[in-house]
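The next part holds the structures, each set out as C-alpha cells.
Next come two complexes, and both contain chain A; in the first it sits with chain B, in the second with chain C.
This part shows the complex of A and B:
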C-alpha cells in the first residue's frame, strides 16, 4: 500500500468509525462511588477499537477483552495486562502513566480523557469502551499521532518568546525581574500537556480541518500575557484573526469540559477575541 | 538502504538532548534529534520539584554560592563524583537557569515581605527583602545547606522542557519522533551514528553523523516498581555497551526516592518535605528525628530511604495488601499552599489513591528513582574509548552525582551538561570530517535486519514480556536499597540464565511494522544485559557508598574503593560483562574525602586523604591574597568552555 493510500484510509477511519460525539455522551463526571470495601472480584469487559492500517486486509472493528479487576486498577494497567496476556499486537501510547505527559488521551466511554489516570472502578457496570482520539492521524488501534499535530501547531502560533535580544542576554548578570503574580498567571496557562482532548472535543475543528483549536488559543494567550514576548497585537492578529482562528470558534466549550488540566479556555478565548477585535 | 546524513545526531529529545541540539545548531551544524515519542512528552516533563542553582535571591538562600553548591554536591555523592565536573556544573548552573528564563520558563519569583512557611514541623514567618522582589526564588530540598532549588509552582520540568522544545522549534531543529536507535555504527574506534528503527513503519534507517550524542535518560524500568516513565529502559546505554568499546560507569549506583505512592510507584516530589511535610509511622509518630537529629526528613535521599526501610523492618510500617508502607503528612502545609505549589501531588493523590492530601496522609515507600550510572564520559561529554560518541543527561555518567544525586541536581545537570557538552560536540564537528565507508554502514544495518528477521521467523521460544517481568522482579528483590553478597550472587546467576533465554525469543504477532511485541523483543535482551551490569557491579563492590548500601560491608572504604566501576561487553556470546575500575585521584580533589555528617562515621580512609588535606592547607597559606575564584584555579582547574567562564552576579553581593 502506498503512503498516500494509507493516509486516505486513515482519514476515512478517523472520520467515520471512531468519532463518537463527545458532547452526546456525558459519562465524564460520573459520580459513581468507587466501590469501597468490596472484596469480590469483578470481571471487566473492555471493548477496544482495533485497526492496523499497515496490515493488508485489516478492517476497523471493535474487539472485546475480559480481565479480572484488581484494586486501584487504571486503564493503563488493564491495557498492559491485555497486551501481555491476551493480544500482544494491540497498540496504545503511555509514557509517564501519571497524568503528566499527555501521551495517553483516548475516548473512554464517550469522553476524551487521559487513560492512565482513569480508574476502572469509576465504571459501575464494568464495561469500558475505548476508541482512539478522533481528529488525529491514526497510527493503529488506540495510538494516534498527536505529536505531529502539536509540532505543527507550535510552528503555526510561533510558540516561543519573540525578542530580538533574547540571545544577547548576559547570563552572568541578574535575570530580568518578573512580578510574582504574572509568573504564576503564565504558568497557569502553560499547564497544557498537548494531550489533544480539546481538539477531539471541538465541533468546529470537525468542520474546519485547519481550525487552530483551543490548544493553540491557550498557547497564544500564554505568550500574549508574557512581558518577555514582544509581539504586538497586530502580529497576533496575523495568526489568530480569521475563521480558522478565534473568530471561527463557536464557544460550545467542548474544550473546557474535557481539558484534563482544567485550563480556563472560556475566559482565554474571550480575552483573545476582545484583543483581536481591538485590532480590527 | 535508507541513509540520512547530518553533522550532529542527538538520540533523545528530553532536556539534555534538546540542549545539545540547540548548541550544535547555534554553532552552525546540521542537527537531528531522534525520540521514541514527541519531545515534549519526554520524562523530563515529570520533574515537579525543581532545579538547583545558587542564585541566593530568596532570604533562605542568602549566602549561597557556587562553593556551597559544590560542597553539597560532593558530599551528596559520598565523594564518588568527579570534582572537575561538579565544579564546572555549579559554576554554570546559574547561567543555565537565567538563560531558560529568557527563553520563557515562568520561574516562581520572590515576593517581598512576610510569608509563612513550615520549617521542622512549625509555622514560622520569614521576610523577603524588597530588593529581591521579582527575582527567581527557591525552596528547600534534601541534602542542601541553603534553599537553592528553583521551581515553577509544581511544574518545573514541564515548563523547562516546553521552553527548551519551543526554542528548538524556533530554530527549526527537526525532531524525528517515534524512532528508536537500536545500534551504533562505528569503525576503527570512531562512532558514526546509529541504526534506527521507525516505530510506525518498522523500517530500518541509518543515521550517519560526525557526532552521536546519547541522551536517552535513565534505566529505572529494570525494576518492577519505579517512579520513571515506562520508556526509561536504558536502551541508549545498552547500545553503547553493545559496541564492546564504549564503557558504562557506576551502573550499580541506583537511587531510591523516599516518597513514591503505594502501590503504583508514582512520585510525590521531594518538594513535599522541602516545604515542610513529615514522615510518620503506623503510630502517627515522626521517626526521622530519632535517626537523623540534624537534617531529619531532609537528609540526603539515600539516607532517608534507608532509614525508612530500617524503621519498617522494626515493625513500624503500616501494613497493607501491597506490603508495608509509611505515611507522608503534608496536611500541615494547608490547602492554599498545596493547591498552588503541590497541585500535581494533589492530583496524583486524587486520581490514583482517591484521597485528598489536604486532609489525609499519603501512603509512601522508597522506590527506584534515578540512575547515577550511565555511559562513561570525559568532562567534555565524550566517551574516553569510542571517539565521536557523546552522552549527556541521566543516560551519562559524566559523573557529577557519584553514588547519590541530590534532588534538583538532575534537571540542572541536563541543561548545564547540555550547554557545556554541546560546545564540545560542535568543536568535534568542526575538527573532524565525516569519512565512514558505506560497507560499514551496510554491515550494521544488515546485523539488525538479521536479528529482526530471526525474531519474525522463529516458531517457538521465549515470551519477551515474561522475561522482562522476571528480570524486574530479580532486581527488585535482590538488588534493592539494602544489598548483600548472598542475594547479589543469586541475582547475578539468575540474570545469566535470563540472558541465555533471551536469545530465543519468539513472537506471537509476527509483523515487522508497528508491533509492540517486536519492540519488546528488541529491548528485553538489551535490558537484561544492563541489569547484569548493575547486579554484578553491586556484587563486586564490597563497601557501602551513597545509594549502594551493603549490609555485609557497611563501611565506606576509601582505601580500596575510591574508584569508579567501568563495564564493557566485548564478546556478544559471553554471559557476563567485564568489570574494571578507574581510581579517583585524591591528590587532585578540591574537597578531599570526609564525613557526610549522617549517623556514625566509620569510613576507612584513603592513605592520600591526609596528605591532600595538608597540601591544600599549604596552598592556601601560600596564597593569602587569592579570592575564591583564584583558589579554585589553584586547587582544581577545570576545562569550562570560554563562553561560560564568567562570574555570576548575586543580589547584595555583586560578582564576588
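This part shows the complex of A and C:
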C-alpha cells in the first residue's frame, strides 16, 4: 500500500468514526480468513482494551481481534484495518502516522510507545496486547486525553520565554547570537512530541498524581538552558523544588527508557536536580 | 511576559532539596561503608588470624601498648553508622508506597512494564524495609558488644546464639540494596555520565551487577566459614581467640595461627 493510499484510508476511517455511534458491547472475534497458501503471512492476535466511560453500564474488558499481517505493518495500520473491517466503534488517536504528532501513544505489550512507529513484525508470537496509556484521563478504549495534561504541564512550568525587557526590543539592532552548541542542546529537548509515554512509564507519577513528570522536566530544562529566558534558579525552584517536582523523582528511569524520541531524560533530570540543590 | 512567580512573593521551602541530598549523602556513606565492611568481615575467609588482625586494628590496637586497643572506638563508629542508618531509613520511608492503594498501583505498573530500573527500586523498598528491623538488631548487638569482635566470639554469635538466619537475610538485603542504591545515585545526580550518558549507564549497571555478585559471594563464603568455626567452637562458647590458637580446628587453625603471630608482638 502506498503512503498516499494509507493517508486516504485514515481520512475515510476517521470520517466514518465521527458518524458511527459506539455499538453495543461487541465481543466479536475474527472475521479475517487466515490465508493458508502463503507461509510468510501470519495471523496477528490483538487483545485490545475496550471501555467507553461515557456509555452507561459499559465495563472495561479485553477484546480479541485477529487480522492477517501485511508486510511492513505497523500497529497503526493494523488498528485501522480492525476498525474498518471488524469494529467501527473502536476508539484510538492518530494524526501524522510518522512519529511526529505524538497522538498515537499507547501501551503495546507492556511498553508505552508510539503505535505508528511500532512494527507488528517486532512480536514473534504475533500476540499484541494494547492498553491505553495509564495516568491520563481515559476518553475511550485506547484514546486518552494527553492534551489536557500537557496543557496543564505547560502552564505549570510557564512554558514560554520570560524576559521583562521583551517589550523594549530595539528592532534596529541585530538579535544577540546564540552559541550553536546551546542552540543544538535546546533543539534536542524541543524534539519532545508530548506523546506522554514518559508520564505513563513513570511509577512515581502513577503513585503521585501531581508529580510534574519527565516531560515537564524536559520542558523546564529547555528553558533553563535558553539564555533568552531570564528566569533565575530561584524562580525555577518555585516550580521544581518539592516532592511533586524534581525531588520527588526517584530515578526509576522509565522516562529515559520509554521515550520514543530518545530524549536525554536522565541527564536532564540530574542537571535540574543539581541546579536546584544549589539554590540558596 | 512576566513570570507569575515574581509577582506572587511566595518562597518555596528549601527543605525538599536538603532532604533529597541528605538521603543521597547518607546512602552514599552507608553503601560504601557496607562494601568496606564486607571486605573486612571477609577476612575471616583467610582464617581467624586474619579476622582478628582486622578486628584489632579496627579497635586501634596499634595505638595502645597492651595490644588490646580501644573498643570504645568501635562503639563510636557503630553509633555513627547507626545514626546514619536511622536517618537514611527515615528519609527513605518518605518515598515508600505508603498506602495499600499506592502499593497496588506500583505493582500494577511493574507488572505492566516489567521495567528493570523500576523493579530494582522495588527491590530496594523491600530490602530497605527488612533491613530496618534486621539491621537495627545487628547494630544494637554490635553497639552493646564493642570489645567482642573476635573470630571465635563472632562465630559463637553466628552459631550458638543462632544469629545466622539474621546474617543471611542481612547479607542478601544489604548487598542488593547497596549496589542498586549506589548505581541509582550515579543516575540521580549524573555522576560518571561522561560524554555518552547512555553508554556510561550500561557500564555502571554492569559494575553494579558484578559488585552484587562479588559481595554476595564473599559474604556467603564468610558466613559459611563463621558457621564452621562456630560449630567447632560450640563447646567453648565465650572463649576468645588467642594467638597460639587455644582451640584446634581443622582447616582454619593453621592459617589463623600464622596470621596471628605477627600481631601480638
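By our rule, the second predicted complex is superposed on the first by the 234 of 280 C-alpha atoms of A that agree within 3 Å, B and C clash if a C-alpha of one lies under 4 Å from a C-alpha of the other, contacts with A are read in each partner's own complex, and residues count from 1 in each chain.
The definition used in the following text is that a contact is a pair of C-beta atoms (placed from the backbone, for glycine too) under 8 Å apart; a residue touches a chain by one contact, two chains touch by 3 or more.
Given the structure is predicted, the values throughout are model-derived calculations rather than measurements.
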item: Contacts of A:134 with chain B and chain C, given as first, second, both or neither; value: second
item: Contacts of A:72 with chain B and chain C, given as first, second, both or neither; value: first
item: Contacts of A:160 with chain B and chain C, given as first, second, both or neither; value: both
item: Contacts of A:277 with chain B and chain C, given as first, second, both or neither; value: second
item: Which of chain B and chain C A:83 touches, first, second, both or neither; value: first
item: Most chain A residues touched (candidates chain B, chain C); value: B
item: Touching partner for A:241 - first (chain B), second (chain C), both, neither; value: second
item: Partner chain(s) touched by A:103 [first = chain B, second = chain C, both, neither]; value: first
item: Which superposed partner A:187 touches (first chain B, second chain C, both, neither); value: first
item: Chain B/chain C common contact set on chain A; value: 158, 160-161, 163, 166
item: Of all residues in chain C, those that touch chain A in their complex; value: 1-6, 10-14, 16-17, 19-21, 94-95, 97, 102, 105-106, 108-110, 112-115, 117-118, 121, 184, 187-190, 193, 197, 201
item: Residues on chain A engaged by chain B in the complex (per definition of touch); value: 34, 52, 54-55, 71-72, 74, 83-84, 87-91, 93-103, 117, 119, 139-140, 143, 146-148, 150-151, 154-155, 158-161, 163, 166, 169-180, 183-184, 186-187, 190-191, 193-194, 226, 228-229
item: Parts of chain B lying in touch with chain A, wherever the complex brings them together; value: 37-38, 40-43, 45-46, 94-99, 101-104, 106-111, 133-137, 152-153, 155, 158-159, 162, 165-167, 169-170, 175, 177-178, 200-201, 229-231, 263-264, 266-267, 321, 340, 344, 347-348, 351-354, 465, 507-509, 511, 513-517, 520, 646-651, 655
item: Sites on chain A touched by chain C in the complex; value: 107, 110-112, 131, 134, 158, 160-164, 166, 201, 203, 206-207, 231, 234-235, 237-239, 241-243, 245, 247, 249-254, 257-258, 264, 266-267, 270-271, 273-274, 276-277, 279-280
